[in-house]
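For clarity, chains are labelled A, B, C and D in written order, and residue numbers in each chain start from 1.
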Amino acid sequence: MKVLIANRGEIAVRVMRACKELGFGTVAVYSDCDRNALHVRLADEAFHIGPSPASESYLRIDKILDVAKRSGATLVHPGYGFLAENEEFGQACVDAGLTFVGPTPHVIALMGSKTAARQAAIAAGVPVVPGTADPFGDDATDAWITSEAARIGYPLVVKAVSGGGGKGMRTVATPEELLPSVRTARSEAGSAFGDSAVYLERRIIKPRHIEIQLLGDHHGTVIPFVERECSIQRRHQKVVEESPSLALSVETRTAMAECAAMVARSVGYTNAGTIEFLLDEHEQFYFLEMNTRLQVEHPVTEQVTGIDLVHWQLRIALGEKLTIDPVQALTPRMHAIECRIYAEDPDKGFMPSPGLVRALSTPSGPGIRDDRGVTAGFEIPIFYDSMIAKLVVWGDTRTDAVARLRRALDEYRVVGVKTTTPFFQWLTEQPEFLEGRFDTTYLDNLLKTRQGQVFAVADAAAERDATVAVALMSWFRAHRAVTGTAAPTTSGVWRQSGLREGLRN
Amino acid sequence: MKVLIANRGEIAVRVMRACKELGFGTVAVYSDCDRNALHVRLADEAFHIGPSPASESYLRIDKILDVAKRSGATLVHPGYGFLAENEEFGQACVDAGLTFVGPTPHVIALMGSKTAARQAAIAAGVPVVPGTADPFGDDATDAWITSEAARIGYPLVVKAVSGGGGKGMRTVATPEELLPSVRTARSEAGSAFGDSAVYLERRIIKPRHIEIQLLGDHHGTVIPFVERECSIQRRHQKVVEESPSLALSVETRTAMAECAAMVARSVGYTNAGTIEFLLDEHEQFYFLEMNTRLQVEHPVTEQVTGIDLVHWQLRIALGEKLTIDPVQALTPRMHAIECRIYAEDPDKGFMPSPGLVRALSTPSGPGIRDDRGVTAGFEIPIFYDSMIAKLVVWGDTRTDAVARLRRALDEYRVVGVKTTTPFFQWLTEQPEFLEGRFDTTYLDNLLKTRQGQVFAVADAAAERDATVAVALMSWFRAHRAVTGTAAPTTSGVWRQSGLREGLRN
Amino acid sequence: MHFEIDINERTHKVSVEKVGATGPAGGAFRVLIDGVPAAVDARRTDLGLSLVFADGRSVDVALTDRPGGEWFVQLPTADVSAWVDARRYQRGESGGGAKTGAQRITAPMPGRVVRILVKPGDEVAHRQGVVVVEAMKMENELGAPKAGRIKEILVAEGQSVEAGRLLVVIE
Amino acid sequence: MHFEIDINERTHKVSVEKVGATGPAGGAFRVLIDGVPAAVDARRTDLGLSLVFADGRSVDVALTDRPGGEWFVQLPTADVSAWVDARRYQRGESGGGAKTGAQRITAPMPGRVVRILVKPGDEVAHRQGVVVVEAMKMENELGAPKAGRIKEILVAEGQSVEAGRLLVVIE
């Protein structure tokens, strides 16, 4: 049996590893710039699907289905991103007689709509952020809007139905601001998305982002897992995830997990999915949305529970019954933390810093999992998300895990490109992070106060070390040129490299 | 606080990682050939202690104590091997006012003597292999020897007190063979070790090697851990270790752990140690010996229990009380397997195959721990054990762990040297290994039947792939020479390498 | 051998002398940095260099060479850029003509110049935005690495640029 | 280009022809192996080459060059040694003079020759012990890679040898 992995990078590699462990063949797809990517090298088979831009390769349903046909793959795993939450792709797989490793196209579509998902949660009796029941258009009267706002309570947020990335969104602190804010949000959404429908929602103060992973099989069983906390966000992007959350009592965990399972059951959810909640200062939680796919941060759940989610995705897709012990799924055995290491320069506003990875040295030893899609010699492309790796660490306690994280970050050396490692080294020294006193606004606020200060400052000693290193490397180069030890014409590729010569005495 | 690590290779790296996680400074020592070894590069400080032969460097107590003095280290961790079980070294550390991370010199000496350790076990009421109470010399009468042998039962083994590596050892199947075997064993031991004292011991049929890790603090607490099985041995060397053992019931585990703890308590054991047992076909176990140090295979215990043994070694040495939950220590959460990957050619009788590691690619992702002391560009020295890494994998069940092990072995690429990886790939396909039907004689017997057959045969397809690869690499080399793209004189070390050019389009 | 190495807007004068047997794999050196001596054992590694100083301090350094005499130095604690004999490199550089102390803003990645926020002769403060490059669907504002006066602008708005392309010179 | 490649005592005739744009980083090739064609996309990697054949099969190959025209090829499933244009290399080799088909036993590591088990002219069977080298405190018996006659012995008992040193030639 062969599985086509319709993705690239670390998640394609991670899914392939699960396939190999289960004895399935693996089929990779790749764009121009990914020819020598790790996911191609580890696959049993690999097929070129087009130029580097995702719209011409990884987002081309027709090309991916063509590869499935040519390779004889019978399962398709979409990973996350790209086509993972595209119901058309799910449907196209089904129509082509392929097994899509994910929920049904119908459920992808249903839970993909923010308002439909919210309705489903309400119907399942799960708390949602108080707000208008439905979005409203230009026909809503000012009086109705004002009375709805009073019912919801201030501060509140006006959100465009089709919004995203902060566009079509306005925070309203007082009744006076309400109607003007609704008007600007509407007009912004209308011009940006062609849809001016908006809704009102209470603004949660100091919200924490807590989510519940779950698995559902085709026999009616839904198993919820211990929560993940993903409140460390930069511009609404998660950068650190952990499990368990320091903010949750066991009672709240149980209640939240039960709510998540109720929503999933109510829509007949199958395969892996995640329900995101906001948690307020009083440990009240509210349904936020559902992600109908494997999450980037799934490894922290795998670590703390010992359950392999991708194995189960494949087994569920093949019709197996879930045999996971629900208590094991809901009981953290340890504490795990994930950092997303990106090819970005944290000292220049997290500007992407793609390029050639000249050499690579990754942490190992106890308590480390490195999910990576990049090798030495690979040029991180400019066309996609510039993630290098997800570094996951664990320990008996959160304190142990953080100590290990620092050790692992010190060992992580991606030579030739700037990475977010110095940022994480800084973050793991912050008292709020260490004490678990944070919410989704924490990091953006903190970064604002730093005003672009450098995260890892090269002090006088470091400057001196760098000076010595550069002088000596220049010496070696000059020395080699003089003595003519370089590049003997009969020697090999590796022998010609400075490394090779350098290490032969 | 600084810790001097009096060792090299993977164990020095592993101990350093624990030190860093606990906030201690790290001091490495190195011989000539280890100057650019990973343990030197990861250390905060590193000191040269002599030429490559261990007798002139890693075994030189004076030089190591001198480094402790120069660096201001206050703790010394000996790792395993070298000076780890040398009571003189322990005493010298104590005399120099250093904290030795291990048991007291007295206990090292006591448990280092096979007969004294055996006496300690008997005194603690722990079963030992039936045998003579004491060794006997030339003065023992034939009649006494014959009656002792009858009491012990056949088959039995004659063993020299000072023996090792099979020398001064004879198996005796019938009473007729007894006296001649005693005479030859004595004379062999006398000439080989200068000590002709021998003893008799019953020969256990199909013995499994099961051992109990334990920790003891300076406040009288001893905690035993879930067992490790190390029956997969080649010429008395462990090559695969796992936890838990398939051969042990929970009752036997509890009994064995309690016996191990009794022996340790009876001698006032402190820090990490391991008690080795033989388990016979009827699940009866017998004390074999004690190792008064951290074992090579300690990671499997760390994985299945979630307890960091090296952290605890350091904490115990500093006087902390053990606060481990005894139930957690004795309850495996999962199944873990370790393979010792060596620079050896399994197809040539496991002949050492040291040399330059040209490039390295190691497995990662879920369920993998890679404890390694080698990097790309490091020349594995001929002077020491040629271990490259300990690959540890885990899964919810043994079946999961084995599947993951196969996946990880496929990913492990040590370029330029032969490794034992093909042997492990073969072993993990053997029905006896998969079903857990093995004892300490299994592997040697199996290898004998193979008569040097190659483990990983290059079939016609592989030969064809290799031919294509070599032809193309030759093409690239010729092509580069012709187009002159190699080694632009103004470019850098890495730029000059074939790799660098190769990857720039 | 003597080198001039620019790091963090400071120029260090460094001399390197080998001590005893030293091959291309490394060896022992005496280094003088702005007149201060240091004894160091340096070995080449897969990442760059392993340094062990006379007092035992061990530093694992990753080194990447870049165009224009730049070295990108990755220390365990911080990353820095250094220029070796910057004057020599700058002399030979087309369109530059900058003298020591001049700062060049280069494109950190391939992209498109969407806005230029200054004109020649403008005084700019440290970190003040100078040019905006769009890449990977994000606009990235490149700031002045130090206070100074805009000497030269070598690109136009809308222009596509490759990585490392010299955009603006500040003196 | 044409090559003769010896693997497992067989000689393969291989021709390589590039298809379309092919740079030093790799590209598409048409390869003829003993007359059988294959289309392959080959890229250079940190380990050696990544091959993707026309039917989609992906093979990650690690390659190490060794003295005497030998390539040590590490495939995911097995390791093999190959010699490119073996005749050319053997012509130039000192002390060898072996023709194609001759087998050379070389020291796999630095060590000391403790015993030589054959003399020139002896017939040896496949895998029969030929010479014993001690290294890392272990005695390692080197066997005949194929049946044949001992042509030449180039070392003496007690002699220290470096890795790769030619010890015995079998024809």
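The criterion applied here is as follows: a contact is a pair of C-beta atoms (placed from the backbone, for glycine too) under 8 Å apart; a residue touches a chain by one contact, two chains touch by 3 or more.
Not measured: the values here are computed from a predicted model.
Of all chains, C has its CA centroid at the greatest distance from the CA centroid of subunit B. Centre to centre, using the average C-alpha position, subunit A and subunit C are separated by 33 Å. Centre-to-centre, using mean CA coordinates, subunit A is 47 Å away from subunit D. Taking the mean of the C-alpha atoms as each chain's centre, subunit C and subunit D sit 45 Å apart.
The set of subunit A residues touching two or more other chains comprises 36, 42, 358-359, 361, 375-377, 410, 473, 476, 492-494, 498-499, 502-504. Multi-chain contact residues of subunit C (touching two or more other chains) are listed as 26, 43-44, 46, 60, 63-64.
Because contacts link the chains in a way that matches no line, ring, star or complete pattern, their graph is best described as other. All chain pairs that count as touching, in label order, are A-B, A-C, A-D, B-C, B-D. Remark: subunit B residues 13-14, 17-18, 20-23, 36, 42, 299, 302, 306-308, 311, 333-334, 356, 358-359, 361-362, 364-372, 375-379, 395-396, 400, 403-404, 406-407, 410-411, 473, 476-477, 481, 486-487, 489, 492-494, 496-500, 502-504 touch subunit A in the complex. Partner subunit D is touched in their complex by these residues of subunit A: 27-28, 35-36, 40-48, 70-71, 375-377, 491-495.
In the complex of the two chains, the subunit C residues touching subunit A come out as 1, 3, 5, 7-8, 10, 12, 14, 16, 18, 22-26, 29, 31, 33, 38, 40, 42-44, 46-49, 51, 59-64, 71-80, 82, 84, 108-111, 127, 135-136, 138, 140-143, 163. Across the complex, subunit B is touched by residues 26, 41, 43-46, 50, 52, 55-58, 60, 63-65 of subunit C. In the complex of the two chains, the subunit A residues touching subunit C come out as 345, 348-349, 351-355, 358-359, 361, 382-383, 386, 410, 413, 415-416, 418, 422, 452, 456-459, 462-476, 478-480, 483, 485, 498-499, 501-505.
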